[in-house]
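Paired with chain B in one complex and with chain C in the other, chain A is shared by the two complexes that follow.
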Partner chain A sequence: MATRLKEVDVVIIGLGWTGGILAKELTDAGMKVVAIERGETRSTEKDYSVPNVRDELRYVQRHDLMMNTARDTLTVRNNRSEEALPMRRLGSFLPGEVVGGSGVHWSGHTWRWTDMEFKVRSLYEERYGKTFIPADMTIQDWGISYDELEPYYDKFERTAAISGKAGNIRGEILAGGNPFESPRSREYPLPPLTPILASQMFTDAARNAGYHPFPRPSANASRAYTNPDGSKFGACQYCGYCQRFGCEANAKGSPHMTVIPIAMRSPDFELRTHSWVTRVNKDSTGKKVTGVTYTNVLNGEEFEQPAAVVLMCAYAINNVHLMLLSGIGKPYDPVSQTGVVGKNYCYQTGAAATLFFEGRHFNPFMNAGGSNASIDDFNINWAFDRAPHGFVGGYVVGGGFNTVLPIGYRPVPAGTPQWGKAWKAATAKWYQTAMQISASGSVMANRNNYLDLDPTYKNAFGLPLMRMTFDYKENEHKMGRHAADFINQTAKSMNPTTMNPATARTDPWTVVPYQSTHNTGGTIMGTNPRTSALNKYLQSWDCHNLFVVGANAFPHNSAYNPTGPVGALAYWTADAIKRYVKKPGPLV
Partner chain B sequence: MGRSIVITLVCAIALVTAAAAGQDNEAAARGEKRFEECASCHSVAAGEHGVGPSLHGIIGRRAASIEDFRYSPAMRKSDITWTPETLNTFIADPQMLVPANRMAYAGLIDPAERADLIAYLQQATK
Partner chain C sequence: MSDQPMKDHDVGRRDFLRKAVAGGVAATTTALAPPALAQQPAAAAPAQEAPTAAYEFLNLDEQAFVEALVNHMIPADGLTPKGTDLGINVYIDRALGGAWGKGDRLYMQGPWKIGQPGQGYQLPLTPAQLYRAGIEATNAYCVRTYKKTFDKIDATQREDVLIGLSTGKIDLGALPTRTFWTTVYQTVMEGMFADPIYGGNRGKAGWKLIGFPGALAVNRENVEKYRDKPFPTDPLGIADMS
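Entry: the complex of A and B
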């Protein structure tokens, strides 16, 4: 029997970027907030300081900051004719499971998604006609505009210490930045990171070919910085341990060293770690939620925490899982194409080439998470005509390094023996001489890619696992081939000694190896309760005191990393909740 | 006459001292801005430890001597007393002076900037 606790104003499930931002904003507004987090508290002082943090075995092989698959995981399959099997070891994506969430182990790439995503169906239909979009491609407009979100992007960029160069301030195109970006109100809070040889060589090659390279905007502070909340950042030391590690220098914008400690100082905020929410409870009408039921995983004790407002702020797909377990919203059915929860699950695709230059020294051990020059000519550049290539969406291409692991990074030309003396000689010879050009591509929603509850497998709490049904479709194959051709052409123009060319991902998707922790959709935002789970304020259409915050709200996935709009939408939702508590009810 | 020389001398010394103090203050003010690079880990308030130990009272203190801070073995074995001179050497290249210490900082290369920072530390950590 669960122990019933005293009601609070707000309960937050999961304390990463979105939960941290909302905890800070809502305690600032005078609300009493309880956050419930599965993982434990980790800090830069105790956990991420040198030398302990530089442990490839602990953080990369053993996933020390990630979801524990012995307790809960997903089952996966490529299509409905297959039987889904549990993912028993993390691979393709890595949800975080500590205070700070995936915001601790990210690299920091922070983009502003534009109306090309938010108005995707309208724009493509207007330009290319309705038949250009395949019948099974369930893309839809998001119900929000870039202009609405701009002040919130700005706010998040300042909180997280983004280093970059603006390409468009209030319509004026600026040299050195991304000329295709939508107008921003002002410059980034910090100048770009110091370029490295690989990013400079890619910049030169792209510029010579007529493209528009720029330094990738990233939450790696290029110099010491104090954010508007007073959180202090050290300057990035280019230590090479970014992705999958906490930052030893407090230079990577992360919730555990910004919004969360500020919320913790408020007497109105309480954090409960090692606590696993198993259900969001509804009242008898089913139109409101009453709070959450959770288990203390250290001793198995169960609690009910009543709250006036519930915020799901867990990792995107875990939010979807909790919606399905709680029976909120109608589950999506791919056959009848009815229901909304689990719909439009998306991922990302990509292609990469490795270039070898005998005699060059790239010093791959020395870089920041965002040591990368990028081009957007095939992404948010609307002048890039998709008609001849027949795909919707785009891809961003980058050259540089991010977290080149001392043990794991072994670039060798294709055909090198995979073990023994010859392999050892090759890895010593080529280590310093290799660089990569890679593309990250969008994945459009498809009626057959979705999330639901698995009929067979259960987690440690006896609850059904979530089942992921996903594969890349022809649209992504076409884009991948275009990206691979472009990368190989650019790579050849740089005259490498040899290269491992890029190829499109056209084989069925698998959970190994690592690909990207950019899972989106499942409880999408939109304008119509019949086709979306949330309104534009990420408020549930079904239960008006429930908000589901994160990339779970994205109706499709773009080429960009998701954290920019995830952070912006968290601030946007915070403002909506401040209005909501004055006059509870549907905000739309 | 002798008396006026004395007065003149006293005035001159006072002026020189005042000028020197003024320069120190200017350097310390510049150094305070430099300290922003240190502030995400270090505080100058007594007993306030972050990723690094509090710097309160650092001048004249032996390295690794605050009881409630967990120092690296390298720092504990370093046998250094912090003076403007040893701080100058350390901040220029922390791994050179104390190999395998835990400070996540590559070093401040510019000697003038180090002088400013140390001028600030001398004032702010008293």
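Entry: the complex of A and C
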């Protein structure tokens, strides 16, 4: 029998970027907040310090900061005719599992998603006609606009110490930035990172071909910085251990050294670690939630924490899982295309080439998480005509490095033996001479890509695993081919000694190897309760005192990394909740 | 650690080992332990304090297999010492005997199905169990084909066996060949390129091979200074900085 605790104003499930932002904002507003986190507390001083953090085996190979699949995982399959089987260890994506969540081990790439995503169906139908969008592509408008979100993007960029160069301030196009971005109210808080050779070479090649390269905006402080909340950042050391690591210099914008410690100072905030929420409870009407039930994983004891407002702030797909386990909202059915929870699960696609230049020294161990020059000419550039290519969406191309360490990164030309003296000689010869050009591509929602509860497999709490049914569709194949062609053409223009060309991902999606921790959708935001789970304030249509915050709210996935809008929407939701508590009820 | 039943031909080796150890002489494998081992700091795992390549998991057959494997894959030449001199066998033994080998973070609930390749690892085996079964099956193949176990065949035959494993052409019966090979290959590379605190990459020879500077990485000034220039590096491991 669960021990019933005293009611609080707000309970937050999961303490990463979204939970941290909401904890800070809502305690600032005078609310009593309890955060319940399945992982443990780790700090820069104790845990992410040199030399111990510089350990590729522990953090990259063994996933020390990630979700433990022995306790909870998903089952996966490509389509409904297959039997889903458990993802028995992590591979394709890596949700975090510590205080700070994936915000500790991310690289920091921070983009502003624009109306090209938020109004995707309207824009494509208007320009290309209704039949351009395939019948099974379930993209829909998000119910929010870039202009509404702009102040919140700005706020997140300042909190997380984004280094970058604006390309458009209030409509004025600025040299050196991304000319295709939507207007921003002001410059980035920090100047761009110092470019590395690979990003310089890509910049030159792209510019020579008439494209518009710019430094990728990222949460790696290009110099020492104090954010508006007073959180202090060190300057990025280009240490090469960014993605999948905590930052020893506190140079990477992370919730564990910004919003969370600020919330912790408030007497109105309490953090309970090692605590696993198994259910969000509903009242007898089913129109409100009453709090959460959780298990202390140190001893198995079960608690019920009542709360006036519940915020799901776990990793995107874990929020969807909890919605399904709690029976909130109607589960999506791909056959009848009814229901909303689990709908529009999306991922990302990509392509990459490795270029070898004899005699060059790329020093691939010397980079920041965002040491990358990018072009958006095939992404948010609406002048890029999709009609001849027949795809919806786009891709961002980058040249540079991000955390390439020797167990995982030892580039050699294709056809090199995998062991022996010839392998060793080639490994020694080419390591310093290689750079990569890679594309990250959007994935449009499809009626057959979705999440539901698995009928067979259970987690450590005896609860059904979530089942992921996903594959790339023809739209993504077409875009991937376009991206691979572009990359190879650009690569050839740079006259490498040799290259391993890019190829499109046209085989079925696989759960190995690592691809991207950018899983989106499942409890999507929208304008209509029949086609979305949340309104534009990430408030549940079904239970008005429940907000589900994260990339789970994205109705489709863009080419960009998701954390920019995830952070902005968390601040946006915080403002909505401040209004909500004054007059509880549906905000739309 | 090893509690596997021994086969008849193991007994001779085991007796030899026992006598060798009793006589204060390093065991067969450890006679080759390079001076670099002495440089390993005491802060690392306790087994490193011993001046031998003592095994905690692999049985005698498996030790012989792994030593032959790593020395074939990483032969001595002007670039690096051979695999056992890099401690790759030690790395593999500890990895299999430790948490990862015992299935830490591995979802181990049934039902068990073979599934599609894209569904990833689906065997009801921990990495250590997979390694053990894979070595046994590979040795059985070698005995069928060459009348000798993998450690006793010549270099050409070993090359053929590794090609057969890596291309999946050798049938290991119930075990999916590629799954075994992928695990073997991953552990050899980890043993060559992981931080030396884990028992491999002795003398940071794997890092020196490619010019990787290791754990020391304060490059703020170096990004411009060494842009397109060789970075003069004597790599540092975690133990060097502890």
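Please note the rule applied: the second predicted complex is superposed on the first by the 588 of 588 C-alpha atoms of A that agree within 3 Å, B and C clash if a C-alpha of one lies under 4 Å from a C-alpha of the other, contacts with A are read in each partner's own complex, and residues count from 1 in each chain.
The definition used in the following text is that contacts are C-beta pairs under 8 Å (C-beta built on N, C-alpha and C of every residue); 3 or more make two chains touch, one makes a residue touch a chain.
Remember, predicted model here, so these are calculated numbers, not experimental data.
Contacts of A:Arg265 after superposition: neither chain B nor chain C is touched. By the document's definition of touching, of the two partners only chain B reaches A:Lys232; chain C does not. In the superposition on chain A, A:Lys583 makes contact with neither chain B nor chain C.
Contacts of A:Lys6 after superposition on the shared chain: neither chain B nor chain C is touched. When the shared chain is aligned, chain B and chain C each come close enough to touch A:Val50. Contacts of A:Asn250 after superposition on the shared chain: chain B is touched, whereas chain C is not.
When both complexes are overlaid on chain A, the residue A:Ala224 reaches chain B alone and has no touch with chain C. Contact comparison for chain A: of chain B and chain C, C touches the greater number of residues. Across the superposed pair, chain B and chain C both touch chain A at residues 50-51, 235, 237-239.
Taken in their complex, chain C has these residues touching chain A: 72-75, 77, 79-80, 100, 103-109, 111, 113, 115-122, 159, 162, 166, 185-186, 188-190, 193-195, 198, 206-207, 209-220, 222-224, 226-231, 236-238, 240-242.
Listed in rising order, the residues of chain B touching chain A in the complex are 36-41, 49-51, 72, 100, 102-106. Residue ranges on chain A touching chain B, taken from their complex, read 44-45, 49-51, 223-226, 232-235, 237-239, 248-251, 257. Considering their complex, residues 50-52, 54-57, 61-63, 68-70, 73, 76-78, 82-91, 194, 196-197, 200, 235-241, 360-363, 365-366, 405-407, 410, 418-421, 424-425, 427-428, 431-432, 456-458, 507-512 of chain A touch chain C.
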